[in-house]
Amino acid sequence: MAKAKNFRLAEIVERFGGEIAGNPQTAISQVASLESAGPQHISFLVQRKLRKQLAGTRAGAVILGRMDGDLTEIPRILCDNPYLYFAKVSSLFNPPPAAKPGIHKTAVVEPGTRIPASASIGAGAFVGRGVKLGRGAVIGPGCQIGAGVEIGAGSRLHARVTIYPACRLGDGALLHSGAVIGADGFGIALDADRWHKIPQIGRVVIGDDVEIGANTCIDRGALDDTVIEDGVKLDNLIQVGHNVRIGAHTAIAGCTGIAGSTRIGKHCMIGGAASIVGHLVITDRVIILAGAVVTRSILQAGTYGGHPAQDNRNWTHNMARLRHLEALRQRVRQIEQQLQMPEEQA
Amino acid sequence: MAKAKNFRLAEIVERFGGEIAGNPQTAISQVASLESAGPQHISFLVQRKLRKQLAGTRAGAVILGRMDGDLTEIPRILCDNPYLYFAKVSSLFNPPPAAKPGIHKTAVVEPGTRIPASASIGAGAFVGRGVKLGRGAVIGPGCQIGAGVEIGAGSRLHARVTIYPACRLGDGALLHSGAVIGADGFGIALDADRWHKIPQIGRVVIGDDVEIGANTCIDRGALDDTVIEDGVKLDNLIQVGHNVRIGAHTAIAGCTGIAGSTRIGKHCMIGGAASIVGHLVITDRVIILAGAVVTRSILQAGTYGGHPAQDNRNWTHNMARLRHLEALRQRVRQIEQQLQMPEEQA
Amino acid sequence: MAKAKNFRLAEIVERFGGEIAGNPQTAISQVASLESAGPQHISFLVQRKLRKQLAGTRAGAVILGRMDGDLTEIPRILCDNPYLYFAKVSSLFNPPPAAKPGIHKTAVVEPGTRIPASASIGAGAFVGRGVKLGRGAVIGPGCQIGAGVEIGAGSRLHARVTIYPACRLGDGALLHSGAVIGADGFGIALDADRWHKIPQIGRVVIGDDVEIGANTCIDRGALDDTVIEDGVKLDNLIQVGHNVRIGAHTAIAGCTGIAGSTRIGKHCMIGGAASIVGHLVITDRVIILAGAVVTRSILQAGTYGGHPAQDNRNWTHNMARLRHLEALRQRVRQIEQQLQMPEEQA
């Protein structure tokens, strides 16, 4: 996927800031890891303490923290946040692949749609009645877009995404294969030992600049909508239940499940395989660690983990203390013996 | 998705029972939440203690418990189970969307199938040799139906469902996008440090009125069949291993995994992201909470949770006691000091 | 799926070894479980202690351990490893179904591909520019194969698999429906409270004889590749993050998540619904139990479980001790009373 286009360090710094040490005319054509890089690549080092990784790299240039200019002689860009800087440089060298505008001859487009000439609809895709696409939207091959769906400008659906009827995606959405947006929420009511299905008549409404990973599912609301705010990033194989709201710029790692009607705040980071039960409130800027089972609302920013989830220092301390429990039991036994008390049964 | 059809409260009570307070001629065209409802909507209140939610609703009518008729002046239906009543009313206003009978011209149907004129096969769907569909069955666009599959009357497969060869679905099935029924179970045998695959020659056999969520997987049996009994409701992203049996009217929330050959009883409720290891027996009417890791059979009805799963009161008490462990350790130290005993190492 | 072809016990032993007791001319046409078997079937017993299951079987023959020949009069094959032997016999009776070579008329194949005449491409499949298939490769209906993908000889993709551009699969791969290979890894960098996407320019590189379950996702690398070595077996609904490496002949059960850059050794067995955080090293021959949350590297072969994961005997003992904590607290209280010490608050 390497692009032929070269940039000199001077051009890069002109775009993204930072300082150059070494030859500013060094030409770069791609990013690479320190291990794999060759002379045409720019690489990066996130933390000074990882500096051993610099030794032996064949990179043509590296991105370093402002204090780390002395770690190497390789031409280098010094900046405040090398990881972010690298992300920007990588985006420069790796723009999203262009999609050919137009509707593939094997795609099926039902009547009443609004599809701009700049949009692209792939082979075998199905686009239902009344669908509206924004400028430059890309619908990958094999996608299934239900009736009345609206998808914003510059959004890209990779192959084999499903959007159920009436859902809305904002501008700049990026959806990966197998994602399912707007399937029925899990709404059932007991009727004398049998389940009666509750029709799910809400939608899924997704803001701008949202990324949704492969095989992730976001259910439509039961009555009102399920809402994903701007800038949310969801990894693969995540389940978002009906009527959940996920606040702006929250990122959630893979295999996490969020049960119905829970509200997640803005700027949260939720680790992989976390489970969050229904009808909770998670406030802004909460960090939830991998594998946490969240059974109560979290009303204070902080880092939470464990099963059940709690302030993560508590969880870690408790699980550590547990390892010393047998020793404590023996101390109690010794006291009992000294006091000539009978041993308890437990 | 609102339907134009109106019903008066009097008509609703005629169908579903209950008592009217207020004007029985109040006309309703859709259900809505208390917050979103307008004068054309009927809403509901599940529990008296949530009555604050009634204040300020603009709903034209509400469904309440028999004792709660005094909570509002809005025209209302009083009944024993407002949640179930609401479910029925919502089904009245929101019947499943009709699908156009017939086979889309882009669908591929292999020879030897039995497809009634009332059935619908969507764009780009693939239907293998010898498939048999019941009356009114709907195969969504992009579905893949393997050879010899049988699907009962009134069943509906949303877009992009896969059914492997020879599996059977009963009447009234509802399958969501990305569901995979009948992939190979995870059957492998070690042969001198390498894995030898064991052919999976059983089927998946699914009863009547079963709902299966988006991206949920049910594996075919190794030798005998994997069986899902009548009325089972499965949420999204669930894994059901080979030769599992799930008893009638059991409901399972999203992200749960059930390993091979485990038998789940009837009328169980299994929370989200639960893990149940293989070769267990779970009896009828067991409730398993979200995130539980079930490592032993459960032979008594009740509520189980935790890791490892146990009677949920035990788990909750144990995890609460754990928080007091440090205090207990300090008490033991004080006793030791009073007795002039040496402090233990742990 | 039964095949008409018969084999006599003598022929089976000639292929796979073992000893016959009873009539070597007994003809068999399929494998079956002890419960379901009829006279045309061969069944098996893994452990002597399960011998009750032999009673009442109507199987025509059984496979037993070398010491278990006395457990029945039924014609039998005695061998060292009845489970593996059964696996081989089942493979003899159940070869993978043949796929018709050629490209289905509804498939879309872009220019510049290399597709041998022996390969099969199913209905509605999409095959991008420059794709190379090995001899006898089978691409199921509805599959989406991105540009530049290479798939080895004898590989089989069931219906509706997605491979993103530039990924490589070795020979003999078996992929189940809904699997997504090569979607973007979850790479994002914070930029003043917003997420900046990091292009994911590595590939997924998969060795020979790898099986990948339904709806499992393997993300492409951020810079370097994500690597799945030879003989790895992955169950359904597994998430493999970017730049993970999974060592040869490791088997992983369903619903497990492995976060980015973690390296799993060879010959590991990882239970269902395990979570492994990122940037860890798991050495060879490690067993991780179902539901484990692995938060640290594991550098010694052994069996690990729990949350956080630890030597599984520790976890089991600790959780058992926890149940006795209340009794211990009461013992401490009695000591305090005997010593006339005040009760602590906790």
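Assorted remarks:
The chains carry the letters A, B and C, assigned in the order they are written, with residues numbered from 1 in each.
The rule we apply is simple: a contact is a pair of C-beta atoms (placed from the backbone, for glycine too) under 8 Å apart; a residue touches a chain by one contact, two chains touch by 3 or more.
Please read all numbers here as calculations on a predicted model, not as lab measurements.
The rotation relating subunit B to subunit C, fitted on Cα atoms, amounts to 120°, rounded to the nearest 5.
For the self-contact between subunit A and subunit C, the two sides draw on mostly distinct residue numbers; the shared fraction is below half. The mean-CA centres of subunit A and subunit C are about 26 angstrom from one another, to the nearest whole unit. Residues of subunit A in contact with two or more other chains: 106, 124, 142, 160, 178, 215, 237, 255, 273, 307, 322, 325, 328, 332, 335, 339.
Every residue of subunit A that touches subunit C in the complex is listed here, in rising order: 1-2, 30-33, 35-36, 81, 83-84, 86-88, 90-91, 93-94, 97, 104, 106, 122-124, 140-142, 158-160, 174, 176-178, 211, 213-215, 231, 233, 235-237, 249, 251, 253-255, 267, 271-273, 290-291, 306-307, 319, 322-323, 325-326, 328-329, 332, 335-336, 339, 341, 344-346.
On subunit C, the positions that touch subunit A within their shared complex are 106, 108, 124, 126, 142, 144, 146, 160, 162, 164-166, 178, 180, 183-184, 186-191, 193-199, 201, 215, 217, 219, 223-224, 237, 239, 241, 255, 257, 259, 273, 275, 277, 293, 295, 307-308, 314, 317-318, 321-322, 324-328, 330-332, 334-335, 338-339.
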